[in-house]
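Pasting in a structure now, in structure tokens, and then I'll have a few things to ask.
Note that the chains take the letters A, B and C in the order they are written out, and that residue 1 is the start of every chain.
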Amino acid sequence: MTLRPALRDALIAAVALVVLLLIPAFHRSPAFEDYVIRVSAMALFATSLNLLVGGAGMVSFGHGMFYGLGAYAFALLMQMTDLSLPVAALAAIVITAVGALLVGAVCIRLGTIYFAFVTLAMQMLFYSIIISWQSLTGGDQGLRGGIPRRELFGFELGSQLHLYQLCAVVMVLGLLAMRHISASPFGATLRMIRDNETRAGFLGVVLWRARLTAFVLAGAFAGLGGVLAALFVSGAYPELADWPNSGQAIFAVMLGGIDTFLGPLVGTMILLALNDVVTRVTEYHGLVLGLVILAFALGLRRGLLDFLRLRRKRTAP
Amino acid sequence: MSLEVRNLTKAFGGVKAIDDVSLVFPTGSLTAIIGPNGAGKSTFFNLITGAFPVDHGQVIFEGRDVTHLSRAARVREGIGRAFQVASCFPTMTVLENLMAAVTSHIGRWGNLSHRAPLPGVRERAMEVAEMVGLERVADVEASILSHGDQKLLDIALALALEPRVLLLDEPTAGMGPEERWRMIERVRALWERQKLTLVFIEHDMDIVFSVAASIRVLCYGRVLAEGTPDEIRSNQAVIDAYLGTEEHAA
Amino acid sequence: MDLDALGTCLTTPACVVTQATSGLIVGMLLFLVAAGLTLIFGVLKIVNFAHGTFYMLGGYVAFSTLALTDSYALAVVAAALAMALFGVLFERLLIARVYGSNVLMQLLICYAVVLIFDDVVKIVWGPDFHAMGMPPAFQVAPLFIAGGVVPPFYAVLIGIAAVIAIVLGAGLALTRLGKTVRAAAHNPAMVSALGVNTTMLFAIVFAVGGALAGLAGALAAPVRSLSPGMGFSILIESFIVTVIGGMGSIAGALVAALVIGLLRGFGTIGFPMFTDGLTYVAMILILVTRPHGLFGREVA
């Protein structure tokens, strides 16, 4: 009984992964592979944000800082040390988690609106550190020189196909891990806090510890997304840690739906596809994007998957 | 003695909400706390459960000083409470509410390695639901429960923690006359079966005098009287300060 | 970091005057934008993420009005009025539809408006920077105060903002409308229970907020260049100001805006690469020590 939902999730993940890995065997499309690579980084980022937003009701405006931190930490480790790729990636995630622990220690006790803006300010602070610490980060030019190509189990990440395969695997495993977190007793605790933190406290939940744990976990997964982003751009740029990137993630979460686990993934797919199509058609891509957002916000009033789920619930009985 | 407070004092901005209150609640007793609005009844509960720090005085639970424990620690000690306005988790079903509470109670709320629910949790949650008669709506989302059922769920959440003292802040608030009696009968039955020390705040005098074995009257943050229903009924100070005005109003 | 330069500047009256003036300019512009933000937040409990757009449009409206009429005074008035109207339309047509729904929905709508109008500005005025230049009336010899150069326009700008601060403060304290606004900020349920027309109240608040931001845009146009996206940096800074001052507090916004302005004014000397960072550090320090800001009450 307890195994069944877990097994179902694992099966869905396995099928998705097999399909993703098989596609290039039938049809090579650089544009599609490029799209999946970008989706993988962003989807991990957006889903980790939703662990906080949808999962615990903690609206962070500064989540991009951990995406950026993961990317910079990974790229710098690869450039400055001889660590193998998985070790560098793991170290980057640990560094991001420590960063999230420090930032979280300051922010998690604040009320909703202050939490949102203090996390934003933390991100802006991080961004200005990147810009001003030129000797380490390359300042506003970004971290150049590429990421040294180290082979990994016969993978050559300079090849788009291999990068595609790596990103697909990491994305699916990362999403599965986050799914497990949100379905665990701790995930239920976060929902209690979102619904009614006072009551959760009276039931014996130590609120600050639960919040801080969520913040660190979310930061670590955003860092994993950042590692993929660093691989994709072959370096790291301040834009990764800038606020519009956080805005995009929030938008992806909202677009797909906050109450459905795969909402942020779907939102990311829509957002990136929209970006691609619109930039090809017009230079006024903000105008079109803005109108689409308005249509969603005023028309559906919630994310796509949440909307569909609610409709099914209403028509079902 | 199950629960005892000594010289409890709490002021908000210079106004003493609770002023030098000393009370004893013997193990297994069923006590009502009454008093006019603003008498400090809810504040009294908040101090016992640790929602606010006290200014002076002590809260003693089963012989132990718990005055400086956090509210989570007091819950673990065995002091449970339900709220005046039903306080539960609206987007979760009744069973999910109770499963989360049971998980917290066994100290596993931070568990990341398993899927929820942990073994045995669902069964225990169902038992708690049956204690208050909520098994019929186990899969209904809390936000769409009736008012009475939400109050029951609130009590059930407290019961999931297996408290030895249960504080109920106006369990019948906002209910019609008939519903009130049904509710208080449930509470009474619960007290008998679970062998709890139960303290409840109540405004309906008929209910208080027929259900409670013992009554404490608070007025302007002080203890005005304590005793059996008969003693309280004939206490001149209580009649003057409280019952008199209540009857005029009614 | 260049602490020597900062030390030298702080001991030279001319440098102090120059930096303080440019700090005050920044602070006063921030105050005008932040005052509207904090007013809207106080009454409607909405964080208007599109407030920077009002500021940007105000600047462009002033730019075009000046080009058409040659009157800077008219340009300022036109910008304020246009943005008051824009604020009301924004509230009625968009924000009013999502009252009571998820905070993120409100945020999303504001984000959409920001994106749309950045592009609208590109379409109407072009994607390049525009410099309005100093209006003819102010093209006169600068003032010298203790050896520091102060352009007369700077003095006028600071003066106008100071007058607005006084009028706003007095209006909130003394007028019936002001009292309603403060009551609404304190206890929204009570105001609608007292029979105040909240629809009207919300529209007025957005009109005032819009007018202040438009005014700020028009006042900034001669000293800063105009570009699509200029709304964003002022938005972030004025958020910091409202958060430091305490959300919902006009007095807090004024104090915080001046602090941030002066911090930036002198920060450019001492920490040329880290001026922005200083602002964030200030905000973090204040929130850690006073979680509700300098003048704030507890909010959800």
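Just so it is clear, a contact is a pair of C-beta atoms (placed from the backbone, for glycine too) under 8 Å apart; a residue touches a chain by one contact, two chains touch by 3 or more.
The model shown is predicted, which means the values in this text are computed figures rather than measured ones.
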Find out how few touching-chain steps suffice to connect subunit B with subunit C.
2
So which chain ends up in the middle if you average the CA atoms?
A
Using CA atom averages as chain centres, what separation in Å is found between subunit B and subunit C?
49
Between subunit A and subunit B, what's the gap in Å when you average each chain's C-alpha atoms?
43
Dist(centroid_CA(subunit A), centroid_CA(subunit C)) in Å evaluates to 33
Contact set on subunit C toward subunit A in their complex
47, 94, 97-98, 101-105, 107-109, 111-116, 118-120, 122-123, 236, 239-240, 243, 247, 273-274, 276-277, 280-281, 283-284, 287-288, 291-292, 298-300
Residue numbers of subunit B touching subunit A in their complex, please.
49, 71-72, 75-76, 81, 83, 87-92, 96, 99-101, 103-105, 107-119, 157-158, 160-161
Subunit A residues within the subunit C interface of the complex
53, 59, 106, 109-114, 116-118, 120-122, 124-125, 128-129, 131-132, 243, 247, 250-251, 253-254, 258, 284-287, 289-291, 293-294, 296-298, 301-302
Of all residues in subunit A, those that touch subunit B in their complex
2-3, 5-6, 180-181, 183-189, 191-192, 194-196, 198-206, 209-210, 213
